[in-house]
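Okay, so subunit A shows up in both of these, paired with subunit B first and subunit C after.
Moving on, here comes the complex of A and B:
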């Protein structure tokens, strides 16, 4: 009985390890090209370069080319999507992105980004605010939202 | 060192002003600044903590607008110098388990201002740090607030101005209080001192006006009461002194009267004794001299008869040539110088007669002078009194003084003859003694109304006005010691007063002296 119990414990352990490794592999593959930049139909260009996108999300650009004020909408960095965005856009982890934006706020260089818990909230915000831009993980095109091509691609 | 009250008041006020100024200018501003800095430090620290908590929550929730709002708390504060977001950088030292935390500046406001991560409070800034309990980069974050102390300096300057103004006001008030105290304390006390000094000098009319309703006012009232009491006491004392002086004067007068009475009594007894002695002597001499006076005339007649008889014998011898028979008698007569002897006998008889008459006059004068008539007035002729006195003084003036008498027809006067004789004796003796070598004494008597006036005027040396004023004083004399008692004129004055008369003297130096005695003929007042 004791041997059986030990074997059972090892099986359970390895099972979970296997599941964890599998999920990690799947996750890394999914993160490769699943981010999409969306924007309000008004004021936001339909296509921008990756560098421009990064500059926008680094608070280095205040207004779009047509003069509309840039409004950033973000999903919390504590979410997987937020963490992915942090890594791809900021090349930082979530805590570093918080620090980054906190620093921006301290300097008062840029309006605070609007941070949401879910993608739906992000979409809703973007649809309601001209000039608003956000990064999510799916292509959305509605009457108010458009998917922005980044470097000519919908996803990046 | 003597410090008067006014100086003490001003020194006290000056001390208070200096202490007040010290506290107002130095101590209180320093304490205020310290307090303000402490409060400011606390305030900045609280702000830092508040911002840190807000930022921490905002970061945790990624509510960056919340960070903006939290920062607006301090960004809108004009005192803000900077607000910085820091990241703690833990550096391990070479010693195991020991590390040092360095702050790394992430970002700050206002931008464009270089802020050292390790900046701390200095004279211009108050810097406070508050840690964030959350990681923002690789390490934990922190907030650093820098607030300018310019506000403190402004407040300090304002406090300085207020302090100066307060000090100036207090100084002004102190001066006013000083003058008020000086007027209400010092001046009344000085007035009291001055009044006390004057009272001490004897001015008891001094009063001090009560100007305050405090202890000094009470003192003023007490002082005035004291002076009033003192004045009353002095009046009573003066009255007592006057009474005492009056009593003393009366006592002195009584003593003088007693002394005078004693002197008069002594003199009276002396005169009475002298009078009795004189009367006795006069009486004893009077009888033998009466024999002489009575027998001298018959003796002269007998002698004349004898001489006539002898002349008749000589005539008969010569007519009848009987010289031879009387040769022996003639020789005897020649031998005895009979003619000379006869002339001598005649002269001797005349001399005896003159001597007897003179002796009788002296005796009569002595008897008149020594009359024992002191209790009742006696009718007396003053001319006789003068004569009697001159008789007694004859030996003292006969060689140098010519007496010129001008007696009036006087009625008999009511008097005490012995005392009147004593007066004449004193006045005539003085007149004789005032004539050093030769001179005259004019004696005149006359009736003036119901008075009799007797004047005795000499051509002696006279007297000064000063001497004239003192001649009736007892024991006053210008004679040599032992030659005069100084009581003669004093007693004479009393005797004339006793006779209700008066005695006057007129004298000039070198021109002689005149005494004029006036007494009533009839005495109204019995003695």
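Moving on, here comes the complex of A and C:
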């Protein structure tokens, strides 16, 4: 009886430890997929592959399919979100991304992205500029902004 | 009571005026989107048994989005010119109006960097972006035409292999920036692919006829020269390894000397030890045909060992040792330190 109780106590303890560990993993996986691509309702596609999204943010697309100019909006790479976007999209840190864009602009290959201090400013800019695309960390759908599915998913 | 009512009206009026004015002050500029940046470098060197300090070109770089399809790029440098009364001169290095007519395809009109190789098409005059302190030796040897004023059709990142092209027709060697010196034009045709991330493979062809007695790079060329340049480039700038190697074969044909074969090449390799620190080497080789009349025949070999440190993406420190052997000057060496900045 006593042995059974001890075993039962251990099982319960490890069961809850397991639940805790699992929930930590689940929430970190959720954090790993917390980026959202948003775009102006005009010109920007509703769905895009990850490889295409990266190409856009590397200045490799001047126009969307309907001819609307691609306009990139970014939150500052010195912010935690900006740094996360830098790693995920560019495989670089924030400072390296700034260097990347300085070189691209200096070579005359592409316009530098429009950079903002807050997500609210990014959203406002995207809403006001046909062809504008940005990456933030929440789903947004308004009359002027769409959430773009990346590889079929809202978050990546 | 009457005084309170008057005060309320006054406060309301002030608030209304501030609201209207605030809306005007808070607006983005109604003018086009124009940016001005600058680049410069200062250096210290030890060579020819003396310590010397100097500075390079001050580069002003201007871009402006004129409208949805047209943009402008201008680059002017202020540099040391010993012959000038003030010892300094201004040069327009690039002045380009670009028209994006479809997708990733553009037309460019104006003075451009001849898209003959990776270095010339990528780094221009911004030494903060250079992997080494100075350009490869084929540049100061005037082996390739640095600039061409003309019209170009270019495209980039087309298809799965990210194909790019550039066809430039312009004033030939011996011309001024604003007028061709003869009835012939120069033609530059370049293509490249980027089959995998960070890797770019390119080839180009340049064709020009330099008129007899034309002045090119401050030298009078006594005879007509038909020049063809064939260039191949490999560039890889990854997270850790960096490789850039280019070679140009020049075929210079004259009636008196026949076709001379000249070769210029360099190889740069770097390894990013940390995000900020990159040691590197560069090898340069220039070989000229024995009867060459267009180039100054000065066979050259050089190796450089150096390091690059990024204080910031627009503040880069570089230190190099160079061992140089030229046909004319023999063996020399130099140690150079540079601070390259962008602002």
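By definition in this document, the second predicted complex is superposed on the first by the 125 of 156 C-alpha atoms of A that agree within 3 Å, B and C clash if a C-alpha of one lies under 4 Å from a C-alpha of the other, contacts with A are read in each partner's own complex, and residues count from 1 in each chain.
Basically, a contact is a pair of C-beta atoms (placed from the backbone, for glycine too) under 8 Å apart; a residue touches a chain by one contact, two chains touch by 3 or more.
Bear in mind that the values here come from a model prediction, so they are computed numbers and not experimental data.
A.B. asks: Determine, for the superposed arrangement built on subunit A, whether subunit B and subunit C clash or fit.
C.D. replies: clash
A.B. asks: Touching A:113, do we find subunit B (first), subunit C (second), both, or neither?
C.D. replies: first
A.B. asks: When the two structures are overlaid on chain A, which partner does A:77 contact: first (subunit B), second (subunit C), both, or neither?
C.D. replies: A:77 sits against subunit B, while subunit C stays out of touch.
A.B. asks: Where does A:40 make contact in the superposed view: on subunit B (first), on subunit C (second), on both, or on neither?
C.D. replies: After superposing on A, A:40 lies clear of both subunit B and subunit C.
A.B. asks: Examine A:61 and indicate which partner it touches, taking first as subunit B and second as subunit C; both and neither are also allowed.
C.D. replies: Only subunit C; A:61 stays clear of subunit B.
A.B. asks: Tell me which partner A:105 touches in the superposition: subunit B (first), subunit C (second), both or neither.
C.D. replies: After superposition on chain A, A:105 lies in contact with both partners, subunit B and subunit C.
A.B. asks: Given the touch rule stated above, what does A:91 touch, subunit B (first), subunit C (second), both, or neither?
C.D. replies: second
A.B. asks: Touch test for A:69: subunit B only (first), subunit C only (second), both, or neither?
C.D. replies: Only subunit C; A:69 stays clear of subunit B.
A.B. asks: Using the superposition on chain A described above, determine whether A:127 touches subunit B (first), subunit C (second), both, or neither.
C.D. replies: In the superposition, A:127 contacts neither subunit B nor subunit C.
A.B. asks: For subunit B, sort through 2-10, 74-82 or 398-406 and name the stretch that clashes with subunit C after the overlay.
C.D. replies: The listed stretch with clashing C-alpha atoms is 74-82.
A.B. asks: Can you pull the subunit A residues that subunit B and subunit C both touch?
C.D. replies: 95-96, 98-99, 102-103, 105-109, 111-112
A.B. asks: Which of the residues in subunit B come into contact with subunit A in the complex?
C.D. replies: 55, 58-59, 62-65, 67-68, 71, 75, 83-85, 87, 106-111, 135-138, 141
A.B. asks: Using the touch definition up top, name the residues of subunit C that touch subunit A in the complex.
C.D. replies: Residues in contact with subunit A: 33, 35, 37, 39, 61, 63, 65, 68-69, 71, 73, 94, 96, 98, 100, 102-104, 106, 121-124, 126, 129, 156-157, 162, 239, 275, 310, 312-314, 342.
A.B. asks: Under the stated contact criterion, what part of subunit A meets subunit C in this complex?
C.D. replies: 55, 60-63, 67, 69, 91, 93, 95-96, 98-99, 102-103, 105-109, 111-112
A.B. asks: Under the stated contact criterion, what part of subunit A meets subunit B in this complex?
C.D. replies: Contacts found on subunit A: 74, 76-78, 95-96, 98-99, 101-109, 111-115.
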